[in-house]
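Both of the next two complexes hold subunit A, though its partner changes from subunit B to subunit C.
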Partner chain A sequence: MRVLLVDDEKELVTTMAQRLALRGIDADWVTSCEDALKSVEAESYDIAILDVKIPGLSGIELKKKLEEKCPGMKFIFMTGHGSEKDYKEGAAEAGVEYYLVKPINIEFLIEKMHKVLEK
Partner chain B sequence: MSILKRIKPAFWDHQDLISGPHKALFNFRRIWYATVLLTSAVVLLPLITMAVIDYKVTQHNIESAILLRTARLVSNTQRTISFFLDERRAALRFIEQDNTCEELKDPERLTSLLEHLKKGVGGFVDLGIIEFSGLHVNYAGPYNLQGVNYSRQQWFKEVMERGVYTSDVFLGFRRTPHLVVAIRHDLPEGPCYVLRASLDMEKFNDLLSNLEMAGRGDAFLINREGLLQTPSLYHGKVFEKVSLPVPEYAPRTRVLEWKNASGLPLIIGYRYIADTPFILMVVKQKEVLMKPWYETRIELIGFLLASITIVLIVILGGGTYLVNRIYLADQRRVMILHEVEYSNKMASIGRLAAGVAHEINNPLAIINEKAGLIKDLLSLKEGFADKEQLLDPINSILASVERCGRITRRLLGFARHMDVSIQTVNLGDIVQGVLDFLDKEAEYRSIAVSVDIPGDLPAIESDRGKLQQIFLNLINNAFAAMEDNGHLAITAKTEGRDFVSITVADDGCGIPENDLKRIFEPFFSTKIGSGGTGLGLSITYGLVQELGGKISVQSEVGKGTSFTITLPLKQEQKER
Partner chain C sequence: MSRQWETIGELGLQFFGKISASISHEIKNTLAIMNENAGLLEDYCQLADKSKPVDPGRLKEVASSIRNQIRRTDGIVTNLNRFAHSTDQWMMGVDVGDFLRFMCQLTGRLAFIRGVRLKPEPLSASVKIQTNLFFLEHLFWLCLDFAISMAGEGRTIRLTADALQTGVRIILRGLEGLAGSPKTNFPGRHGKTLLRVLEGELEINEAAGELVLILPKEVSQ
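Up next is the complex of A and B:
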């Protein structure tokens, strides 16, 4: 499975990519919307993990654009703004199944990625 | 004192301690004073002025009428008396002109003239002829006065000098009161004789005694020395000095007021009767004449006092009512101001907390990932010395990160719903959310918190933020009322088909019965001075009402207090 991590916090996405790699998951990371769009043109990904707020576009808008370019791509949102209580609301709004609140346990994230891809 | 306390309006002792100097718009006591005094002045001054003017005018008119009546009586009576005397003088003048000196010196002729006078004019007693030497030469009448010499008497001198004379009432030679009228007969060569007649006092007195007078009136004649000439009812006997001063000469009728020796006010009308020594006096008692006025006066004053009383009652009642309404409206204004401030404060805190939580969550995520990476590397690489020693602190870091995450999530969850919005909420979640904030305090103070909310309690349509505030206030209050090791019980159940009720019960100090009625009033606080605004329960009450619910309280001093909130399952649609 190929994963694209999008978040403006470089430290976060690089570390996450490293940790996913240690678990045998191939993850690329970008810190802007433009880079994300360029990445999907260059390569294909099974799943993208997006921050809700990325400079340039909102996570939901980015999701729409990415979906246009790669139909069939799956998404998981993550956010620093919100609570577990918002989880359902946020997920419905974004049209995704999972809307995870930072900080995220990596095993928990992997579990959810598998679930999304199984569908 | 207690009556005064009972009728004292609420605003009287109001001191705007809590709202502060800039929010106290009104000084209610001053408004009350201004309203009551100004209205009283505007209403009562004209009323009293009118009443006083009316009183004075009416009194003056009545007094004038009395004086005028008296003056008229005096004038009429004077005319009667003058006429009486003139008539007799004219009769004498006729005799004097119609008879020669010789005829008059004839006793038979004189007797017959007297008889004619008595029949024709009346009032004559006798008739006499006196020579200018003063000798009484002829006399007709009941007394034997012939030969008496009058030359030295004052009246004779006067008649000789002025030609006509009317005497005082006097006793004279005959020793009975009588009145003399005399005229001088002149011949071309000089004075010849004097024709003199005595008049009947009875007939003369009748003129006065037959007058009808109100006010215990008394009419009589006095001479210029103040001796009574005719009988008086109240002021002495004939020939006695009258008990009043002799009024000063005036050519016309005059009326004056006078107080007698015992201070009784009298109305005195008098007239100097021309060509006689008489002064006609009519004396009336003012008190008796004014009696109808005094009765009217009591009615007038009574009416005025009743009007003033009614006006004052209306002004006091109306003023107090209006100022009290302003006071209540102002209380409500201040309360709403506080509510708005409180909501704004909560919203600001909420936004601040959300901002902080968000800012913390990102670095927290980085720490989480970095520590996780270290842990991953340690776990994956075999044979690393001191591995266990490093794993311990890393696990500790990850646990702390997780704890921080829980806190920020809780903060965000609490802060997010400050805006008004009706949504389906689970009461159990909200209560738990509030308790999460207070669990540290409960832990420190060893307060046992039991929550018994049935799992099948229906979710309700309500405002999450408001419910949070309601429970936060109630639970905070309960904590404040309890000693350490207290017990707080939160229970919930359905009430009929459309309501649920939640009870927050503590076993704290309880609320005295007197305070119990007032705890939902704004600014009622037993914590004033220790930071309480007295608004917590008032705001809670307002919030519960806004959500269409009710709040009630039971309390027993020393045993604890329980607040019960009843909330509707569904919100009624209303304009927003």
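Up next is the complex of A and C:
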């Protein structure tokens, strides 16, 4: 499984990448939409974990652009915003099954990544 | 007039909510980082339990990162507390340089998410005014919100102020997008009401890419 982590909080994505690596999951990280788009041009990823709010584009806009460049790529959103209702509506709007609320449990994230990739 | 106060109160609450939501998001981010760092420490402990080598330098780095995030969170919560106390008094003395720095900290994330940085510049002299702080914060946010939408290629808005005989002139620079942009309704009906209450004036200089907010030394009411 190859994972791309996208969040403007560098320390968050670098630490998540280290923890995923310790579990045998190959994860790259970027902190901007531009770098996310460059990454999928250079490498192939199975799944992207995107923050809902990233400078430049919204997470949903970024997902659309990534899908154009990398058809078949799966997505999970993470957010520090809103209520449970917002998350459900946000997930429906984004066309994703999982819209995880920070702070995220890494084992829970991995479980959801496997579920998304099984589909 | 009572309708005006109702509007100020209702939209003031919305402004309070917007800032609080942004701050809670910032805190969620620092908590998320601390959560990952704590998890990484647990991962290292599990490796050690299995007699696998763990570099003490890495442990120090993680501890240092947690301490940095605690410091960052403390700053965020201190700003939230200061913002919450903005309504304590109807009129209070405001140091304008300090106010500009505070507003940059308070709204920096809202600007950053729109790809803009806020940069307070040191004032040549201390400037103080007597005003309603919460209304001023609200009016200034309306100015910043507009300025962010008009930020030029540098994507940096520089904030400064000059003392006037009658008060202060706060200047927001770097609004290169003003030139040639379609007419907006800024400051809008609500902004105009706040300007009236604070006895202020707004000037927009398209050619210079500047927004100027002029405020009196002391609001008369």
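In this text, the second predicted complex is superposed on the first by the 118 of 119 C-alpha atoms of A that agree within 3 Å, B and C clash if a C-alpha of one lies under 4 Å from a C-alpha of the other, contacts with A are read in each partner's own complex, and residues count from 1 in each chain.
Definition applied: a residue touches a chain if its C-beta (ideal position, glycine included) is under 8 Å from a C-beta of that chain, and two chains touch if they have at least 3 such contacts.
Keep in mind that what you see is a predicted model, and the values were worked out from it rather than measured.
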Identify whether subunit B and subunit C fit side by side or clash on subunit A in the overlaid structures.
-> clash
What is the contact status of A:11 with respect to subunit B (first) and subunit C (second): first, second, both, or neither?
-> both
Taking the superposition as given, does A:55 touch the first partner, subunit B, the second, subunit C, both, or neither?
-> second
Stretch of subunit B, among 366-374, 402-410, 438-446 or 474-482, that runs into subunit C once the two complexes are superposed | 366-374
Just which bits of subunit A does subunit B share with subunit C as contact spots?
-> 9, 11-12, 15-16, 18-19, 22, 80-81, 102-104, 106
Residues of subunit A that touch subunit C when the two form their complex = 8-9, 11-12, 15-16, 18-19, 22, 53-56, 80-81, 102-104, 106
Residues of subunit C that touch subunit A when the two form their complex = 21, 24-29, 31-37, 39-40, 43, 47, 65, 69, 112-115
Where on subunit B is subunit A touching in the complex?
-> 354, 357-359, 361-362, 364-370, 372-373, 376-377, 380, 401-402, 404-405, 409-410, 412-413, 416, 429
Per the touch rule, the subunit A residues reaching subunit B in their complex are 9, 11-12, 15-16, 18-19, 22-23, 79-86, 101-106
